[in-house]
Each structure stands twice: as structure tokens, then as C-alpha cells.
């Protein structure tokens, strides 16, 4: 089956994320479950539609990907196996891979450090925020 | 088997035996749902997977088939109660014998597909074609029956 | 040599769009045996059939190949057409160039090539066809209905009213099924028992209907027109003919108060005694003893019911009984249940007694229910003020083990019904429905839902609920999102009602296997044709009624029940059925009497005879296989098992299949 | 019984309590934690892209080491538990990742997910048994009402981690009962504390943890337990933690087993 350019781009996201945005039925269970809802400018259930429409620029510009807590609640509860959290991770990857736009710069870190900050936090933040 | 003159790439010849009750109906459902699979697959309708005599498969390989697949009802769902169980055991034996004489195991397959599984039928055929495509052309079996 | 006519159908553009029909005609014209080849727009139409008949007469055709849709679709049509022209119907073969060619391929050249090959295979086969004669088998004029819910009841009544005898087998102690648990029905808000109970009584009193309640189908053999069915009548421990249904035993059973035996009928919202009828209007009004819980059966002590029974109807020694009955047709009406909600822990169904399913709500609103029709929370018996309904719990799921891929079809409507009934009784209740889509196709259905919104002010919010959180104050916090307004919602509720997905009754798989009726991935029974034969199983003589075939509401179930009844009546009205002539045959010259074929025959259709044969001029007596044509169903298991090649199957002979292989591999 | 033990970086540093009480309790319960030599950080986060491989290799090495020892691999930190189990699942079930990881690592024998990864709590539940544990308790924590705080990483995705029911877990509640205390069940126990966003949005994590404390104390909890150093950090940043202390589950275990002092 031949594909449009958009479909090919989406196919690449599917590969990278392991999630199929076309399966989404817009039930919003992810958005209902999301603990970071108030912080996200693009809501979890919208990630699938942004990708299907090809609005990658808007996704990349949004701060939603950096506000996701990676708590996996949406992944656990998604009835369609879309697992929106994976699309959020894919967006982070798109940012890192396409333009090297990391959300966290090493120079910022000393100011953010607290005495009792666990290593786990720093490592996770670096992984989530940077390439 | 050659396609038209410009296009000489390998196209496998695949024979599928489908039981009338489940898998042939599954193939029909794949059709009415427009779920495509390569035209290399040609289906022969049999009443039951248990009707598939090993001779038919040997004959197909003798005549140049690159792959043979037998589809029946799911275990427990055979229209005739037990035909698919016999087919499964018979084919396990036949396939190991075929491998011994040079027909790789990937070229033969038994698959269960119900009348409601059009999608599974199409998926199975696509996979099988891909597999045969990757294996390339088959060895051709000789006709070893006594010749007068 | 055969004289074969080949007819290639365009099927409008269904075939012609991807298969060059004219080219197929040209390429098969010179195949061995072919004397005539032509194409036509719709071969199955009156004019198309006329064309075939004319060609048979004009060219003295002895065989036909129709290149068209699947033989499962029109093989019968073309066989009948051949018969009209005096040709044996089994001289017809169909090449499937629609479902298995034009519809799945895009490239016209490739599809045309494949169509030609399929046509060649069919031509090669017809060359070896022989005329076959259909046999006849008698029809037992009695039908079996498995399941005594509204589907089974309606089917049985319709068959019985037409004058045929019907038996209903129901595994519960009473008929009535799911519908008897309901309070009201949509879209007219009739009281469920008011319309069901009279039908239950009618079934019980109908001279043509025999009820086997607390019974299960144990074994099925035979075939259309001639099924033999073993029915296990489980021991009721109550003598049917002596019991007057006074109910003394049930009220005095000590376990009624202290037993903690949850009532299945009331979905565990109430307890029942060990000797019980599921509900007051049960038919038959004869209780059963639940032997697993009964003190007498567990310890040998008690015997209260036996002592108190005024008609001495209690019989602790009663045994299960198996009866064997002959039937001509069987209807499967095994109904549904709702899915187990263990996988939906986010909705706290197992954690909070105030999170309930819709069926539990039916019981809570039913005047005969555990609360006498007063809606209350199970935790504190207070009347709920804020009620949240969650739709699609387990329906429309794609994840493998959690839910079901289909829409349950009835939830949108019954939720609107529940909302309105609650508002009718208790107008100061706030009701919110969280939905994904509101689906209301059906007569007066959307109007019904709009009434819930416009007249009853039920608050519909688009967005699936994420989590239900039991709160320290005993309330429930519903975490959801309003997708249309773009808001996350944290709403307090006193009660949450889950519209759990429906699924076929779990016992149906076992029954389908006994009947060799096909079943889909969701355990719904498959119909013979999704559009044209919706109440028949592909297995002849098996018919489908109600939810066992797919999600449907009561009006649809009743229509389907009637349709299944008509099909059964049509079958029972015949004195004889034509049998499939594609049966096995034994070549006595080749048979060595090894019994291999008899061992694999699922029908016991093969016996052995000593026959005199002439072999190379020598006369000898041999033990050879004989096929009983009345029993043989034509599966061909014997043919592949036969070590000497003596067994063959008419219509699918070794030579015919081999020649098809050759034609494809040419 | 000997287990390969993967402590992870945080347990060597800021979360030493989680580690040391586990070690002393293990001795009291009769099994041995053998720290695997030269372990590397798991990364704290399961790789974001399903096509990533390099970030999985440290886990693969640890998993393979345990396999070579013929031992199950135990972790305590919720992040390590999460990453190790998911990488192990990939090695077992995803052909592409398995092939590429093995090509890179060049082990004597290819690794394909043979090692069983266990959380310390799973050992208590599945190997020792909570009934047996209860028998070994010398200082039962009677009268204490303890809220288990699971967080996210130990539970989800439930299918792969296979730790407990991801929506209504009970392993920590059973653990609390075994120690003689009363578990407090509250619905925020598997909701996220805010996780790593504490680095850049500390106010947001405070909102989250406030809800967790409100809910758990509403149901009567007088303290919380956790298995996650990051949850511990975030919970402790909340003002409520001064009234409702948060402990690593191993600390209460050591206390109940009477081995807290020597640890």
C-alpha cells in the first residue's frame, strides 16, 4: 500500500514510540487520569490527533512534553492500547533528535541542586529533558 | 514462473488448502473486508483440513510450488469434530519428512483460522508470502512413482 | 470428454474493476473440455441464469464453470439453474474470482492472471466431475431451544404456536433469564416483569412446550433433522410433582438468615436460603436445594425443609437424571452476562460497595429487589444524591486482556433509562453521565436520550472517567475530563454506576463445540451469512437467537427469536431433507480391511463386510469397508487416512484435487 | 538462599537507609544479598524511544551477570526495579533489541531474558511468605496505622512489571499487616508524587504530595512507607511530613525484626 508523506512520517513515529496514534478513539481516559493536566498546554488525548494531523511543529513547541510526569497512568488505563505516554516520549525524542533542543542545560543544574536531592532525580531529569 | 518481460523478479507460487467451514469462509471475509494479500496465493477448497492428503502437498511441490499452507478450524471448533487434529498430526510428520528431503520447514505451514477471522487470514497469507519470498525458489521434487 | 461451458461474471464492477473479464473468457476458451465461454454483467440475475440455461441446451453442455463470487454465496443458485436445464447440479463448479481475487488485489494484470488460473483449476476439476444424486433423510419434528431467557422463550412460543413440539433447556432453576432481573425496559419504560411474566407462564402451560429447567445439554450427536441430545436434569432435591410451591421450606431454611449465601439473581446484593427459587415469579415455581451450601448435604444434620414440607416433596436422595431426546433443529439462545471488572481496578468496583454495575442498579430499583425498589447506597443505606454513570467500561477496548473490542450496544440506552427513572422517583438527584459517544440508532431511541437531557436535565459529559477515588468521608471522587470544554473534573458522587461490557454467556463455548457451530473470537456464535442468513449457524440445523449471536436489545432479540423460529418451522415442515451427496466411497478392490478409516470417522459411518471379489481372475473373500451414506457427512477424514487409497470422496476426489493442484502449478 | 543484588546509585548515596536496613533484615530472614561487582547505573528511566539500545546495556550487563551466577536479581529502588524489569522483558520478547544488545555485549552465551528480576518486597511475599515473616517479627508495630505509598514506578506498566494489581495493589498492605501494624488504604497511593519534575517545578510536586498526605491522613494514616528514593524526597519536601513521617519500608522491617540498631 502506498503512503502519503504524512503517513510515512507517522509511521516513523510509530516505530520510535511503539504506539499507534490511529488506534485512538478520543475517549479521553488518559486526560482524565493525567496528574499533570493543569500544567500541560496540549492534553494527553490530543497528542494522537496532533500527530495524525501532522502538527509536529506545535507539539515540538509545546511545553506539554516537559510537564508529563511519566507516571504511566495513561499507559496503564488506555483502552485502545495507544498508550499516550509513549507519544509524549516520542515528542521529547523528536525535539532532541531534530534540533538538539534540550530542555535542561548542564549550567542550570548547580542552581537547582538541593542538599538531599537523590541521584535518581538528577539522572531521570537528564534522561527526560535531554537527549 | 516469469511475469512480464521487464519484471523478472521472483514471484512465489503458493497453494493454500482451506477447509470449507472456517478458513475458506475466513478467506471470503478477508475478501469482503478488502484485506489484501499477494496474488501468489491460490486457494483450493476442501471440506475439512483432515481431507488434505499428503499426496496433494507432494504433488504441489513436484509441480513447482514454492510453499503450501493448510488452513483449518481452530482446535475444538472443527465442523467434523476431529478432522483438524488428524491434519495437525499428519502434517507435523509430513513436514519433517519434507525438510529431510530439502523442502525447508518455512515452506509448509498449518494455520487455524475461523470464519470470523478475515484479518487473521490476510495477515497469515502476507506473512507466509514474505517468508517464501525470503526463502526463494524451491527445490523441485521428482515424481518417484513407478513408471511403466 | 466433457463439454464445458465457462461463464465469467462482471458482478457490476466488483469483479470487472480489477479483473479483465473479456480477457479471462478469451484465455479459458481453449482449455481442454471447454466448448463455450462467455461473460455477463450479473451471472446470478434472472437474465444471467437464462443465458446459462440456453447455452446448456444449445451446446449440450455436460459441465459448468462459473467464475463469480464465492461458492458459499451462489453455488446453490447455479446448481439449481443447471438442474432447471436438466443438467446434474453437481456438474457445476464455481471459481471464486471475487472474494478471493478481485476484492483483494489492486493490480489488474495480476488479478486477471490469477482469475484465469482459478478458472483453469475449476475447469480441470469439472472435467473429472460425475453426476451425483442427493439422498433423503427423515426429519424429527421436534425442536430444542437452549436457554430460557426472552430469546429462548419467544423462539419456543413461536415454534410451538405453529404446531411443533419444542423443549427448552435452561441451566438455572427458573426460566426468565436476564430480562427477569430488569426493572423497566427502554424506550417505552414498560415494566420488564409485566411483559415477561405472562410469556413465562404461557411457556409453562403450552401443550407443545416441555421445560427442562436446572438442566444442561450434555452431549449432541447426529445432524440436521436428526439430532440426538443428552440432557442432564440436575437433582433439584425437590420432587417436582409433589411440590406445590408454597415456599414454606424457603422461609424456614435456617441459612436464609445466617447463611451468607449471595443470591445470584440479586447479583449478591442480598442473601438467599439454601433451598430457594431465584425470584418470586419463578417458572416453574419449584425450589431447588443448593447442595454445596445446604447444611444437610454438608453435615447430614438439619433437615428442616424436609420436616416442614406439607406435601413431603423434599428428596435428599434424588440423583441427576440423563434423558436422550431426538430433535430436528436446535436453537442456541444462551444469552449474555456482563464482564468481570477485576481488570478495571481504577473504578474501585471491588473496593467500594457504592460502585455498582448497571444490572445491580436494576435490582436496586426493582420493587421486588433487595431494597424493595428504594434506591440506596449499599455502604450506609442512604439515598444517593449525586450519581455518576460511566459508559463503555470494557467495551470498545483494544488492549488484549482487559476488555472487548465491540460496542455493547445497549448501554447508552439503558443508562438514559436509568437516569430518567431515578429523576422520576427522586427529582432532587444530580445525575452525570460520562460518555465517549452516545449511540442511539433505533426507532425512538435518540428521542429517548434527548428526553433525558432536555426534560430530565441529566448532565452528559464527553470524556471517559480516569479514576474513582473512595474518600475518607465515604463519598466517591470521580476524576474525569470534559473533552469538549477542555477541563479536568473532580466530581464528588455518592454512587457510581458502571456500564460494564456484555459478553456471551461463558457456557456457550462448550455448547458450540458440542454442536460444531462456529464461534468468533469474542465467543459470539457466527451466522451463516452476516446479512442474508443472520439467524442460522453455518452448521445445518443450528439456529441463533438473541445475545448469543451478538449484542442486541430486547426488541431486536424478540425479532430475531421470531426469525429463528420461522427458520426452524421451515425445516420441521419438511418430511425429508436432501442429504449431501458428497460422501465417501470405498473401492473394494483396493481396500485391505485395515480399519484405519473406521477409527478416524467421527460419525461411525464405516462398517466392514465380507465380500466376494474378483482379483486378477481369482475369486476371494475379503473384509472391506462399507460407508453408510445416511451417516457420512463428507469430511473426508477417511480418505487421507486410508493407506491403500481405497477411500475416496465424491465431489472432492483425490483425482479432482490433484488436478486442481496441477492446474494451479502449471 | 543467595541473590544477586543490584543496589543502584541512589542507594549508595542519598538513600543509604533503604539499602542498609534491607541488608540487615535479609540476614535476619536468612537470605543473602550479594552485590554484583561493577554494576552501572540503570539510567533511572526506561529509554524513551523503543528503538534505543545503548541506554539499555547497563541493565543487560547486570541481568546477564545474575544469569551467570544462576541467581535471581534483587532490587530495592523503584526506578531500578522498573528499568531492569522492562529491559529484561525486551530481551525476552523483542527480537530486534535482543539481537542488537547481544551483538554489542558479546557475552559468552547470548542473553535472552533468563534472569528473574525480583523486588525485595516480592521476595518477602513470594519466597519467604508474609505468614512466615510475621512469625519472625520480634517487635510488632502494634497500634500503628501505616499508609503504603506505591507511587508509579513499582506498579506500572502492570503487564510487564507483574508486581501487583496496578490499580489496587496489596503487597505493601500485606507487608504492613505482617509487621503487626494496620494498613491504611487510600486511593492516592498509586498516584504520582510529581517525580523528577521536582527539579524544575518544585511547587507542582508540592501540590501533588499535599494531596497524597491529605488523602492518607484522611483515612487515618500516622505515617507513610515507600520503596522509592524520589518519592521519599518529594514527600519529605512537603510541610505535612513533619507530622506524618515517611519511612523506607525496609526501616520498619528492620525495626520489627529487631535488627534496626545494629544496621
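Order of writing sets the labels: A, B, C and D. Residues in every chain begin at 1.
Just so it is clear, a contact is a pair of C-beta atoms (placed from the backbone, for glycine too) under 8 Å apart; a residue touches a chain by one contact, two chains touch by 3 or more.
Everything numeric in this text was worked out from a predicted model, so none of it was measured.
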Field: Chain at maximum distance from chain B, centres defined as averaged CA atoms
entry: D
Chain pair showing more contacts of the two, A-C and B-C: B-C
Query: So which chain ends up in the middle if you average the CA atoms?
result: C
- prompt: So how far apart, in whole Å, are chain A and chain C when each is placed at the average of its C-alpha atoms?
  reply: 44
Mean-CA-position distance for chain C and chain B (Å): 30
- prompt: Using the average of all C-alpha atoms in each chain as its centre, how far is it in Å between chain A and chain D?
  reply: 25
- request: Take the average of all CA coordinates in chain B, do the same for chain D, and state the distance between these two points in whole angstrom.
  value: 50
- line: Residues of chain C that touch at least two other chains are 346, 467
Query: Can you list the residues of chain B that touch 2 or more other chains?
result: 36
Message: Which positions in chain A are in touch with at least two other chains?
response: 73
Query: Quick one: which chain pairs are touching?
result: A-C, A-D, B-C, C-D
- prompt: What residues on chain C touch chain B, complex-wise?
  reply: 70-73, 96, 98-101, 103-107, 109-111, 113-114, 117-118, 121, 512-513, 516, 518-521, 526, 538-539, 582, 600, 602, 633-637, 639-641, 649, 652, 654, 657-658, 660-662, 664-666
Task: Write out the stretch or stretches of chain A touching chain D in their complex.
output: 15-18, 35-36, 39, 66-67, 69-73, 75-76, 86, 89-90, 92-93, 104, 112, 116-125, 127-129
- request: Would you pull the chain D residues touching chain A in the complex into a rising list?
  value: 8-10, 13-15, 41, 43-45, 48-51, 55, 77, 79, 152, 155-158, 166-167, 191-192, 194-201, 204, 208, 228-230, 232-233, 236
Field: Residue numbers on chain C that touch chain A, as the complex places them
entry: 346, 392, 396-400, 402-403, 436, 462-467, 479-481, 483, 486, 488-489
Statement: Residue positions on chain B within touch of chain C in the complex are 4, 13, 15, 20-22, 24-25, 27-28, 30-32, 34-37, 39, 42-48, 50-56, 59-60, 63-65, 73, 76-83, 86-87, 90, 114-117, 122
